[in-house]
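Each of the next two complexes has subunit A plus one other chain: subunit B in the first, subunit C in the second.
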Partner chain A sequence: MVPKASPAPPKASSNVVLSLWKSYNEQTSDRLRFIDAFLFFLMLTGIAQFIYCVLVTNFPFNAFLAGFSSTVGQFVLAASLRSQVNPENKDEFKNVSPERAFADFALGSIVLHFFVFNFLG
Partner chain B sequence: MLSLCTLLSLIFCLFSLLEAKSSTGNSVLVVLDPAAQSQFSIFFDGLKDSGYELTFRGPKDDAPLLIEDDIASFAHAIVFASDTKNFAKDITPQNLVRLLSLNTNLLIALSPKQTMLSSLAAEFSLILPPPGTPLISYFPERDERANVIPISVPAGSPLLTPNTPPVWFSGVPFVLGNNPLIVPILNAPEESFAADSDSSTDTLADAAEKGGEGLWAGSQLGVVSGFQALSGARVTWVGGVDLFSDEFANKEISKGVKSGNKQFARDVAAWTFQESLVLRLEDADHHIVNSTISKEQYTINDHILYRAAISRFNPKDDVWEPYSDIKDMQLEFTMLDPHIRIALPPVAGQPGVYSTEFRAPDRHGVFKFVINYKRKGWSHLHHSITVAVVPPRHDGYPRFLSAAWPYYAGAISTSVGFFLFSAMWLAGDVRQLKKSKSHKTE
Partner chain C sequence: MPAAYPLPTNVSPATVANTASLLRIIALALISGAAIASRLFAVINFESIIHEFDPWFNFRATKVLASEGFYAFYNWFDASAWYPLGRVVGGTVYPGLMATSSVFYNILHALNLPVDIRNICVLLAPGFSALTAWATYMFTKEMKDASAGLLAAAFIGIVPGYISRSVAGSYDNEAIAIFLLMFTFFCWIKALKLGSALFGTVAAVFYFYMVAAWGGYVFITNMIPLHALVLILMGRFTSRLYVAYSSWYAIGTLASMQVPFVGFQPVRTSEHMVALGVFGLLQIVAFAQLIRSYLSSKQFQNLLFYSVVTTGILGTFVFVGLTYKGWIAPWTGRFYSLWDTGYAKKYIPIIASVSEHQPTAWPSFFMDLQLLIFLFPAGVILCFRELRDEHVFVIIYAVMASYFAGVMVRLMLTLTPCVCVASAVAFSSLLDTYIDPAEPDVPRNPQNGGNTTLEDVVAAATANTTKPGARSAPKGIFGLDTRMIIIFNAFGMLAFFVFHCTWVTSNAYSSPSVVLASSNPDGSQHIIDDYREAYYWLRQNTPETAVVMSWWDYGYQIAGMADRPTLVDNNTWNNTHIATVGKAMASPEEIAYPILRKHDVDYVLIIFGGLIGYSGDDINKFLWMVRIAQGVWPDEIQEPNYFTPQGEYRIDERASNAMKNSLMYKMTYHRFAELFGGSGQAVDRVRNQQVPKVGPTLDYLDEAFTSENWIVRIYQVKKEDDLGRDLKSANAFSQGKKRKRSKPVSKRRAIV
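Moving on to the complex of A and B:
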């Protein structure tokens, strides 16, 4: 999932990060970067809910479970989509076209949200 | 007109004064030697004037029976045949105890002789001294024999008339066991002791050598003591039958002052025959505060209102009257242990009604509202209502709590994010398709 770092030797830690960021932007397609942005958003909302649960209250616990698991589940589904549509993994998913991968993702997500909203109230 | 009304009501009052009645019935069996009957005429006439129907039976007579076909024949029984060794076949300790469970009240006189009754007294936690040792006191100095003793009546007793003069007593004392159902009525004077009348000085000398050990003495000894069974029936044990006699009733306690025996005997009989200090719980109900429907089951943390109506028997008018003077009654809400125990005070303005409010515990199970009011002398109030306390139903919990809004927002934002992501993904696909098509055409 993590984009490969550029082969250039690192000079300092800030340079490493910068070069990582640069090579990620150069070598990753728009679609994958779009998925990464979605993953990042899910991670942030999940972390926010977890912090709220730890610092403020876990009551009602079912709401926490629903909210938190919706972000985690959506993250897993989106990550699966990313690995299936990544051209580098073409050999592993010979039978899965990108369209099929997206349909799987959409169906899984709809089922997930159905359960989440049932459990939320 | 007004004076006529007051006159009529006065006549009615006088009439009703004569008709003091028991709360459980007016038939009384008196087990007494017919020859001795005339010795107690003042006491028996007093009972007859109060409205009791007395039936006399010699201790060896076969009829009338105490219990016929498992039903008590009389509402009350007086056993004054204290010196009798052999009673008729049906007058046995077992039958006397059975009478109590059939809610018949007993007034029993003991004597210094060892009889069936003195062994029965031990079953009621009254420990009698050895046979033949009556109560003796040389104080105050008087002309009578040492075993005829004036005893002053305790002032604070709820069942005796206040300011009753001292009473004459002659008979046997007893030690009160620690049975909680015992109601002490009259105790022996401090200077008195139990001893054989002929050798009382020897008894004292022996006891003095042993440092007082083995001497039955002092004000802890009882001479008249009540016992209230759990069924509500009452027994009174009197150390000597002479307490009720005409001789003692007419005897002067000091110059010009008649003894209190007549009044005391009447008070003791009134208590024993359930005329005085008789309470009854009329009804009790419970419901949720701000509602009037009584429920079989409550939800945890419900606010419950409990209400009880209590009345007291008025022997003068033979009626039950609402009674609001109980200040120390408590209500318990129990599941094995009392989870809640609170005061149940009278409600101002509503005679006889006691009410309180409380929050059901945060605990589900089968609970009971329990009133358990047992005070010495007063009839016991024991009542319980069983209810279930259940957790809220699945739809009884509060929903959409403000504390959970971050979680709701998280779930909603994920869904919205999914829709936006899907829409943009599909749009991007179309764009790519178009792009690739345009590439092909070029």
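Moving on to the complex of A and C:
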């Protein structure tokens, strides 16, 4: 389930999107932008798979589920990593240092992909 | 600060911490010991044997797994169950239990401790109950503190509500499932508290283990999303929640689909849709939060809020639409009957026929939980007063599990951990309050020279309530005596709890249903071992391919102990097949015989308790056979036919014709009147009715075996008559009775 951009107000839509883009570029550190690029890539991959499933076939359903949930799972794990290393969330994650967050991310991804490969069949 | 009793002041904090942790370890070890020891009544009183019905299948499957390896088990096609159909065991079983005990088996054998697989199966549940106590300790520690955790561990170690499903020999899925339930919940709470993806992953892995172990994993699949949803609705969304839930759901769902029995259910059925919906909602909320952090406009924030709400509602509609269109399977009958409690009885009699699926009565709450049931609401209220994120979880758990336990007896099992946790929180708050030596500061009162007594407190309290304008009395506990009274009471309750638990365990829950115990007049124990007598007769005196027909309750035991193919068993996956057996049992011989022949039945096994007063016999279950058969053949089998015109269910002279002619009745009371010398005094001791003087005669079956106390009776199905007559007239002929003139000429010509 990839989060969709919420519908912007019809009147000042270009304004809002532009200001959003601007403040994003200004406020986000390179590290987070790198993660965001990865997230964007995962989202595209997931969308491509979903479109293929809808338009062509879902025949090896386990293969579709494995592929799709690997993108979704990787997406949410990366998004978790993003929110854990985000300096703004520092007071929420008192016990999770960025290094620890990355180790958690790696472990979660390994477990996830173990199940993905097992389920591909 | 005045103190009620002096505390030593010269102890270093390190010593205190070390002593406390040593005491905790000792306490946990003792609790584990108590948990294991209190489950061994059945093994010590009787023998080390598998109890009940379902465990016999688990045991049989474990033997296959241990002897032939995992892949053979995974691809095991059991041709001897559901006789003409067979059963794909690998795809229709939760393999967690068998895999666990086979791992233990292999480890012990690798250590050169050659333990029999049966003993591992028998003692698995007590072993895991010790682990459950530990997991409950960890869970409760997250709720309050370690001392509440120890109390909770002690409670769940010996509470009868859990012992009832985990005594030694009860080799059922619940044996390991409750440990996995508590540990998954612990990991979830930990993940939520810390916002750590590591604990989310661990929770997912244990969730996977739980899915592999028990069908009750659906409870977890709905509890955790419900918790997350309630937190969102309370405005307590945090990034920690996002991290914990996303990592749990993404890994856990994919993992749960690896179990062949579960398959694609997590994306296809309604039971799992709450989890998916909350997952989607969390993504939207998290995204909205992210956007909000980049924007400041108040208007836009509002708009964002509304767009989140609309997306949530839209998503709900999508789910409803998909369910309506049939893309998502609706609730299965087993779960649906939890909401609509009359559903099973009306439409799926096979679910309603299981005694564990009945609503719970009040006394069984008290019997299974004793004082915990009183402390439980207090604990929930204490959770409300603090209401951290994890307390919300306990509250939801308490509400949901209480409801389910009220609807269905067997779900008492899922309520018990929550009761233990909440009660431990309440009880340890009580002890915290009354053991704490701190006394409130009192402005010195010249009259009694500073000696505050109970009367003073009461006077002060009453003064405070009656005269609101008066000086505010200090609140708190004064003196040692008040403390002692409360603490003495509390420990008295605990002591009674221990006695109650031991008593209930030894008396109610520690009897293997395979062996029936009764007592002789002098008080010594008399063992009635008819089941095994009959099963071993079958095992040793019949060909290995002889098909045995019995009611489904005994299917697993026959396969496990007698090692013969059965028609139906306790895995009730094919209702029509069971209804066929029910129809054969409820029909007259002439109708039943072709059914038996068509299914290659060689022996029919029935349970009869009328001689010694064993009430769980087949005549008492007979009405369910009729009902289940009626569901499939409504025009051939009708329940009212088996009652007397007055609507009574009787087996004596006044029994209805359909009853007297049914195969079950004939097999049950065959030769029963003769046992009493034909004096007309033959009384069925379960129904308390006199059976007719002239017992029923069987034309199509032969009595093959009747156990010592007549509990198990086995009949052999006769082959067709050599001369092609129907067996009834053949019997009549051989007994020298004249054939009636009206009968058609013999069918000898039919055979060419």
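Structure notes:
The rule is short, and it goes like this: the second predicted complex is superposed on the first by the 109 of 121 C-alpha atoms of A that agree within 3 Å, B and C clash if a C-alpha of one lies under 4 Å from a C-alpha of the other, contacts with A are read in each partner's own complex, and residues count from 1 in each chain.
Simple rule for what comes next: contacts are C-beta pairs under 8 Å (C-beta built on N, C-alpha and C of every residue); 3 or more make two chains touch, one makes a residue touch a chain.
What you are looking at is a predicted structure, and each value in this text was computed from that prediction instead of being measured.
Look at A:T57: by the touch rule set out above, it reaches subunit B but stays clear of subunit C. In the superposed model, A:G67 lies in contact with subunit B only, and not with subunit C. Put subunit B and subunit C next to each other and count what each touches on subunit A; the higher total goes to C. By the touch criterion defined above, A:A101 reaches subunit C but does not reach subunit B. Legend: residue contacts after superposition of the two complexes on their common chain; A:F34 is shown touching subunit B, with no touch to subunit C.
Look at A:Y24: by the touch rule set out above, it reaches subunit C but stays clear of subunit B. Looking at the shared chain after the overlay, A:Q84 reaches subunit C, while subunit B stays out of its contact range. In the superposed model, A:V116 lies in contact with both subunit B and subunit C. Look at A:A48: by the touch rule set out above, it reaches subunit B but stays clear of subunit C.
Counting contacts as defined above, subunit A residues 66, 70, 116 meet subunit B in one complex and subunit C in the other. Those residues of subunit B that touch subunit A in the complex are listed here as 399-401, 403-404, 406-411, 413-415, 417-418, 421-422, 424-426, 428. In the complex of the two chains, the subunit A residues touching subunit C come out as 1-7, 9, 16, 19-20, 23-24, 27, 61-62, 65-66, 69-70, 72-73, 76-77, 79-81, 83-84, 86, 88-89, 92-93, 95-96, 100-101, 103-105, 107-108, 111-112, 115-116, 118-119. Residue ranges of subunit A in contact with subunit B, taken from their complex: 30-31, 34, 38, 41-42, 45-46, 48-49, 52, 56-57, 59-60, 63-64, 66-68, 70-71, 74, 78, 102, 106, 109, 113, 116-117, 120-121.
Within the complex, the subunit C residues that touch subunit A are 194-198, 200-201, 204-205, 238-240, 242-243, 246-247, 249-251, 253-255, 257-258, 264, 267, 276, 279-280, 283-284, 286-288, 291, 293-295, 297, 300, 303-304, 307-308, 311.
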